[in-house]
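Please find one structure pasted underneath; my questions will follow.
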């Protein structure tokens, strides 16, 4: 049996190259914050970030200059408001210009599903009567060969690397997750490489019947990382820190304050445990 | 209990639009409060679907995000997000979708993308999310937003989600299956589309609000129904239930979160 | 709360009309035998039957003259051999001609998924280099609007009625199932009406998290029917009667023997309990 | 233990083709026996996928159907059938697919649909099932069938699953991603495609079988490798393991099934 267990640092260094197309997926739940921080620490540049709901971790990566392009469908701080670093990049090109490939949730979900299925495009009843196709040439149309009906088409999404967080993995690389799963399975199957951080690594996962498992042969590396989704949450492990999401609005509002916070808590921390400890000092 | 805020009245007005057993696609904020108020009062069997894939969820407190853990714990089941948009919305399996927006025009078209030009925005907004396809495919939609001449506008900066397009039956001539925005709930009253032109007109006012106030808060020359209804103020039960829900929610969200160790 | 609980007889009488397009799905597991027998008892005619793997219950329905068309991808007695009644219909038009709409598993699965998603067609990398498109005009092609690549297309499947068997339902009509689920969920969401027979009806199903649930508002009727999948099986309830599948090869080989068996065990039995009792008498 | 049947040798020959850790799409019958034999001998980490959606299954006895309950009980997980064909096969996530057929031609194309004309068949066979897309998308396929001039034919009655089409690189010029039938295991020996022409030729014989016997069982003029290997007979461990597996299977399937009450 080949072990897929790696340190997070090794997994990122091996699979995430400058210029890569990278999807850190997670829909409110199981957002891979620790992996995003490690990408920032390793100084990756010109990433094409993909995500349905770029939230705080993408705000941080964009503000730290990791990204040059963003494929997305909703970019905000859920329940709070704007992502100030994303806005600054789009409105004022700071710290660098950010090209937008903007879709709807239905469009990105269909594009991941097509990517997972090995198809070059997805068909949907989408984008009807809106201005989105006029600002995104990657939204096209296809005619049904049976009814003649015109439908929307989007190109499949196949990230070079998808990064997820989950509850458990075994050494072989099988990953088990439960709770709200967003489009994570589709983003995983669509990826050329797949890194998963988990709360816990066990010798062997039990048979899961209809439970959600990412099978080991689609997984490139698993890294244990307790608290790796904080400040988002992990069902049956820890709750979402809604207060942090609210505080982020202030932290990220100005460039200087943002940089100071990132330096102190992310760059000055060796790893995620140190990051969490640095937040305890503040609290 | 006789005092109520405009926001409470918006929530109550929206809740009353829901019928028992209806399948409802819920957004965070006012729609979430309205849908749960309906569930806790006249519509115990309303089916609440949050975008995160939680179907038939029955939270005890209002979620702060669309994917709070309690939504999953109390849901009939949790499904992957692609299925929410394909098997439920696109397939026409949702009765009511709730939408908010930064701007709505007189035909119920919505903007949640940018203020200013797309390529050089004055304000970059979060974007479409699920709204575009909710607007297209839910059997009908309810729009909730606070009225100002900058939110109820003559001309959208960007069309994120289709209402009645240019009106006069334009939407009905597309392949969109949903009937579009049947009710717009503002903080002065309710707008509804006119039968022929699809133009939103003033259908009902909150108790204590005048037509002039409604007109002043609307960025286009607002048409007014021949007889404008006045909405019944929140009943004691509605108000008590809503305030208790908010109190439970504040209490739950005040509990400190421990960092994972 | 509206109850969706019906007798099987009522559910079939209400929803299955002569000439309807009907899918009794089930992939080895959870095959709705009891519902198929009730359709035979009620004497439905000219049905367009749909199923990935028409097996014994479709052999019985075809042999009893219920069907005029079959959409399918594999028609055999699993692990045993031929379906003699299906073969007799195709080879000798007995008891009636049977039009074939023949696909592959991948094609039918994609067609159900498209039907479930409200799309008019499905795209797949399928039927490549085979004679199937030359005998089925419902296998066409579509060009990717991004890469220009030519792919196969099949029309969506939207049965008038889908019929399934599952472990449990509640009175409201929520259905819970586990084990091997084939393409049943897709066939359920694709259907205009959905009937589910179950081993057990409870007052209210508990929250299922990531378990498989058919939500009540896509379910038209649930009918309790213990043993309703026999001779196939129900995970955690009863095992597959492999011996019956082997005996069926003899029972169905000749027309007379087939008709005698169907008369004695299906037509002479009032319901599924009586059918099972009649088999006990033989044993 | 030195006596072995041709069927046992077919199973052993097929099992030896599998490597530890390979992801294998298994069919019922000989392939299922071969894959489980590999798992119980030299390839404990082979991943067995049955068409019913059971991934990484480890049955103690051989299933009689592709969807036996034990396959689900022992699987790493069970997924819906549409995902088996889209996320696994079509996406190129399967290393080896096993196929049987009623007819195979010299380029490894397969017929499992009809004998005689499609519209007036002499014998209607079950049809494609999963075979067509296994043949197209598995990184390579192994074909297993008993050889007679009626099964190894010069001309198929119907092409259900593509091998090398007309040969001479025809397959490589399509959009099929899998490398096609790399090994055909018959009850006399093993055929493999020739590098340039893709034509199946005799690569190895079972111990005790002659080239003439192979030629007589083949419906086209069979090309023969310059040096034909002779396959090592089943080792005692292979034979013991296989026979014990079959004995356990017979025992399990003899247990009477009680009708549900």
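Chains here go by letter, A, B, C and D, matching the order in which they are written, and residues are numbered from 1 within each.
The working rule: a residue touches a chain if its C-beta (ideal position, glycine included) is under 8 Å from a C-beta of that chain, and two chains touch if they have at least 3 such contacts.
Everything numeric here is computed off the predicted structure, so don't read it as measured data.
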| item | value |
| --- | --- |
| Contact-richer chain pair (by C-beta pairs counted) among B-C and A-B | A-B |
| Chain A and chain C, separation of their C-alpha mean positions in angstrom | 40 |
| Rounded Å distance between chain C and chain D, as computed from the means of their C-alpha atoms | 28 |
| Multi-partner residues of chain A (each touching 2 or more other chains) | 118-119, 124-125, 149, 179, 181, 209-212 |
| Set of chain D residues in contact with two or more other chains | 72, 78, 86, 90, 137 |
| Contact pairs between chains, per stated definition | A-B, A-C, A-D, B-C, C-D |
| Contact set on chain B toward chain C in their complex | 21, 23, 45, 47, 55-56, 72-78, 86-87, 90-93, 137 |
| Complex contacts: residues of chain C adjacent to chain B | 1-2, 116-119, 172, 174, 189, 205, 207-213, 215, 217-218 |
| Complex contact set, residues of chain A against chain B | 27-29, 52-53, 72-76, 78-79, 82-83, 86-87, 90-91, 102-106, 109-110, 112-113, 124-132, 135, 149-150, 179-183, 185-186, 226-227, 230, 233-235, 237-245, 276, 279-280, 283 |
| Complex contacts: residues of chain C adjacent to chain A | 118-121, 123-125, 138, 140-142, 144-147, 149, 151, 153, 155, 178-179, 181, 209-212 |
| Residue ranges of chain B in contact with chain A within the complex | 28-29, 51-54, 64-69, 71-72, 78, 80-82, 84-86, 89-90, 109, 113, 118-119, 121-133, 136-137, 158-162, 165, 171, 174-176, 253, 257-261 |
